[in-house]
Amino acid sequence: MFLTDARVEGRRQVARAMWVITLDAPEVAATVKAGQFVNLGLNPGPLLRRPFSVYRAIEDRIEVILQAVGAGTAQLLALREGDLVSCLGPLGRGFEIRSGGRSAVLISGGLGVAPMPVAARDARAAGLQVTWVHGARSAEDLCSESDGDAVIVATDDGSAGFAGTSVAAAPDADLVLACGPNRMLAAVAGRWPDAQVAVETYMGCGTGVCLGCAVPLKRGGYDLACTEGPVYRAGDVDWAALPSHLHYAATA
Amino acid sequence: MSVDMTVRIGGLQLRGPVMAASGTFGYGTEVPLLERRALGAMVSKGIFLKPRHGTAPPRIAETPSGMLNAIGLQGPGAEALIRDYAPQWAGWEFPVLVNINGESVSDYGELAARLDGVPGVAGFEVNISCPNVEQGGMYFGNDPRAAAAVTEAVRRRTRLPVWVKLTPMVADIGVIARAVESAGADAVSAVNTFVGMSMDINAYHPRLSFGTGGLSGPAIRPLAVHLAHQAARAVDIPVIGVGGIMRAEDALEFLIAGCTAVQVGTATFVNPKAIADVHDGIAAYLATKGFASLAELPRYLPRD
Amino acid sequence: MSVDMTVRIGGLQLRGPVMAASGTFGYGTEVPLLERRALGAMVSKGIFLKPRHGTAPPRIAETPSGMLNAIGLQGPGAEALIRDYAPQWAGWEFPVLVNINGESVSDYGELAARLDGVPGVAGFEVNISCPNVEQGGMYFGNDPRAAAAVTEAVRRRTRLPVWVKLTPMVADIGVIARAVESAGADAVSAVNTFVGMSMDINAYHPRLSFGTGGLSGPAIRPLAVHLAHQAARAVDIPVIGVGGIMRAEDALEFLIAGCTAVQVGTATFVNPKAIADVHDGIAAYLATKGFASLAELPRYLPRD
Amino acid sequence: MFLTDARVEGRRQVARAMWVITLDAPEVAATVKAGQFVNLGLNPGPLLRRPFSVYRAIEDRIEVILQAVGAGTAQLLALREGDLVSCLGPLGRGFEIRSGGRSAVLISGGLGVAPMPVAARDARAAGLQVTWVHGARSAEDLCSESDGDAVIVATDDGSAGFAGTSVAAAPDADLVLACGPNRMLAAVAGRWPDAQVAVETYMGCGTGVCLGCAVPLKRGGYDLACTEGPVYRAGDVDWAALPSHLHYAATA
């Protein structure tokens, strides 16, 4: 885990109201695994850091994909090249991508696309054939970038690709990785209990000390999303007890 | 110039005045990038005798310069603490106090007795912000008799230092501070979080599943400085200031207001190195002012 | 779509739920760039019977998301208010209540009697956060008997609406709210500022000349929402929420928590148009949600 | 009085750690009088606005001179061209510069130079002969700019000009205007009770509603610096009761 002041290197738009910002963070870029996240801090700005999946890691840089949903994300999107942002990471346990099996399907809803480029990279490296299924509300909300082998597109309103959810559009595979609103992940759990899903919770610290990021488990009790997650076996999470109305989920 | 930062608090000699506040540092084994050299002491996450799952999510909500939490004292209970954590603490170069909790006076006494003598446990911080289940859920912390009873129950079961963590939700904190002093407390920590609430205006109910939560962070600092100061004016035992400390300047406000030491809580969530930054900043400030030791810092402590 | 924003509060019909909080709007004649159309009502700066100079500077200090003030109720006294301000208020299209203060129960009664019937004075907000000089400086506001006595003294001297402004410095605000309700209050305002302190770490004494000050601003919002909610659960008279409202979203937290109306204070210092922004924002929110009136807004108000 | 989002147009250094920032604020520029101030607000940033004298007004722009003494000023100095800052003003009663008399002396200590360029402009326009006396701790702390007719320089350490305070270095004149740390203004009051001095106090609102900016008066009671000041007849202020240790005073 590293704590650095990361320089903003650029910003580009990838969907309606969705942007990628590039940060200079060599140690994080060198060590991050698919599904891990960074905790970004702004000063002046809100008190707490904000968690973001690492979208891509290229040489000394990491990328983060985001939408403005509140004060913190709006402020991040207002940063200009050369500004510094405090970056803590990589955090959390990412996807476990092992060789063995032949195919992987990556299922994302909205901003849930965030961990997928790195996941696709690692899955390919593990010799798996990768299929992406990316869904959003409508065509303009689909992330325009993909590093994957094949992309199946799904939209709720049918304005592009499959008319329906990305879960419904996804084929079966040996390895299923998913990220998106928690209610979408609950649907994944119904179909593939062994899928690995990256959940979202409010987070206070991102490092395991505040106990704020509780994930209710089927076996009872709670896990910490920031250290024991954010990636879980879909069948292990008590979806009914996990809030599905976080801001991010609300706007994704 | 090297400044003498040591402080003495109710039976313990600390190498520095900055401690980790309960519930914000886990059991000391989780904190990343930790600079141990700066820790005067650590107070563990609050535990009950028995394991507890804690409350359902959402457990935290951010507010201006603060955060609400309702963790519900999730924890492994005394046996797991003794087995998993205390042995590690025994090897550390600073004391670890256990923050103890109960729903009845006897709960507290029993927990202290169970932990007394366990290597690694250097003392107790008695959290009296819990509801007194025996007496209909009123808080131990805002009734001087109940606060004294809990303190006494712990005092009778241990020779280790007993600190009492005061709640701010009282009309007069001096009354509670004096009550626990008389009951044998070696120090008081002031203060715990303030009860607050935040509404989800789209869902028409509180953001936290528990409804209310405890407010911490810089938002409460001026309130905490005042309460710590009131406590320091009321008692002769040391007062440990807690609430909203992010930087050395903030800690110095508490120290000047009459506190002997301070605890850093929420700041660690934002800056894992907060405790070291606060410690080093106090030392640098004292050096700049020409003080050879923290003891020389002038205090503002008029007695009535 | 035009939303019905009117509210009824203890005898007064207001065209909107957003009022100016006492002490943050002067006498309504000073505020620059004022958009009167948005004001549901105004509460004047607190006055005593006699003129008061107020406290020596420094009177204010900024804190994270908040400010401390110790103005000391500087004001011209009842006669000047009647002469200089009330005549202006008489022509305004929203009611003006006078925030009244005293050091004894009879002070309050006398002040109410003097102002009762003066054209322009639409009612009273009784500030019980003052020290009760007759009883050794304890606050009227944290003793249910004293709070009720003051309310009754005012109630007996006027037929105008009597609101009581509660202090947050109590162990249980519901007890005080019920006490003033029984004594004849038509509504309660919750809450006044929280007592706090900030130290000047170069001068080794408090930043404010008075030592302590009242904390206001967004920092206290989660605490104020909780207290206003507790008050609303305790009484049947309307509760007016106050504390840290900067934006419509903040006001909506109080309204959902069971308040009938809100007051905006510190926000006006930062944004002279804050009251209009809050008013317009609530109307826009209600329209977006499809509510035809504020009365349709769902409330979260479980009764014990 | 106007409330606008003013665009930052530039920044230049005028002394050690002292800068001038230029803001686009046409209404304020058109109406400001010498000694008046603006209240600048930042979001994200500290809760309250920050008061600053208007240093110069040129066409649609105003200038403000400042030093970083705390979070607000540091943030203002970190703004870049094109950033917006909320600007409320002009506020307060400025200097009263009437024709009549022949000479004016402008006395400033440190950042107290702030209102002087506009004061010099107005005094010259009123037909007065203007002498500036500008003092600082040492040569590097002197503001390098002056629009005045003649400038007498004073430094506490004697590293430039007169060795001593600007008050001691100042000649008598028909009109005396002064600005600087309150304790310097107290010295002005001792020598010229009729001098007009711009005091500083903490301010909550800048508009007369918070009563936070109390100025203790010799005749008893308090005035509000933001509406009845910040300019006072030097002899009217109870200097012993006016705090002299504001941050700005501490670093000036």
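Note that the chains are named A, B, C and D in the order they appear, and that numbering of residues resets to 1 at the start of each chain.
Everything below uses one rule, namely that a residue touches a chain if its C-beta (ideal position, glycine included) is under 8 Å from a C-beta of that chain, and two chains touch if they have at least 3 such contacts.
In this text, all values refer to a predicted model and were calculated from it rather than measured experimentally.
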| item | value |
| --- | --- |
| Those chains which touch chain D and also touch chain C | none |
| Centre distance in Å when chain A and chain C are each reduced to the mean of their C-alpha atoms | 46 |
| Euclidean distance of C-alpha centroids - chain A vs chain D, Å | 52 |
| Chain centre separation (chain B, chain C; CA means) in Å | 34 |
| Approximate Å spacing (C-alpha centroids) for the pair chain A, chain B | 36 |
| Multi-chain contact residues (two or more partners), chain D | 46 |
| Chain C residues counted as touching two or more neighbouring chains | 64-66, 217-218 |
| Topology of the chain contact graph, where touching chains are joined (line, ring, star, complete, other) | ring |
| Inter-chain touch pairs (all) | A-B, A-D, B-C, C-D |
| Residues of chain C touching chain B in the complex | 63-66, 68, 142, 169-171, 194-199, 201, 204-206, 212-213, 215, 217-223, 225-226, 229, 244, 249, 252-253, 256-257, 285, 298-300 |
| Residue ranges of chain C in contact with chain D within the complex | 23-26, 30-33, 45, 53-62, 64-67, 69, 71, 74, 200, 202-203, 209, 217-218, 266, 268-273 |
| Contacting residues of chain A [partner chain B, same complex] | 1, 3, 41, 46-49, 88, 201-216, 220-222, 227, 241-243, 245, 250 |
| Sites on chain A touched by chain D in the complex | 42, 44-46, 71, 75, 80 |
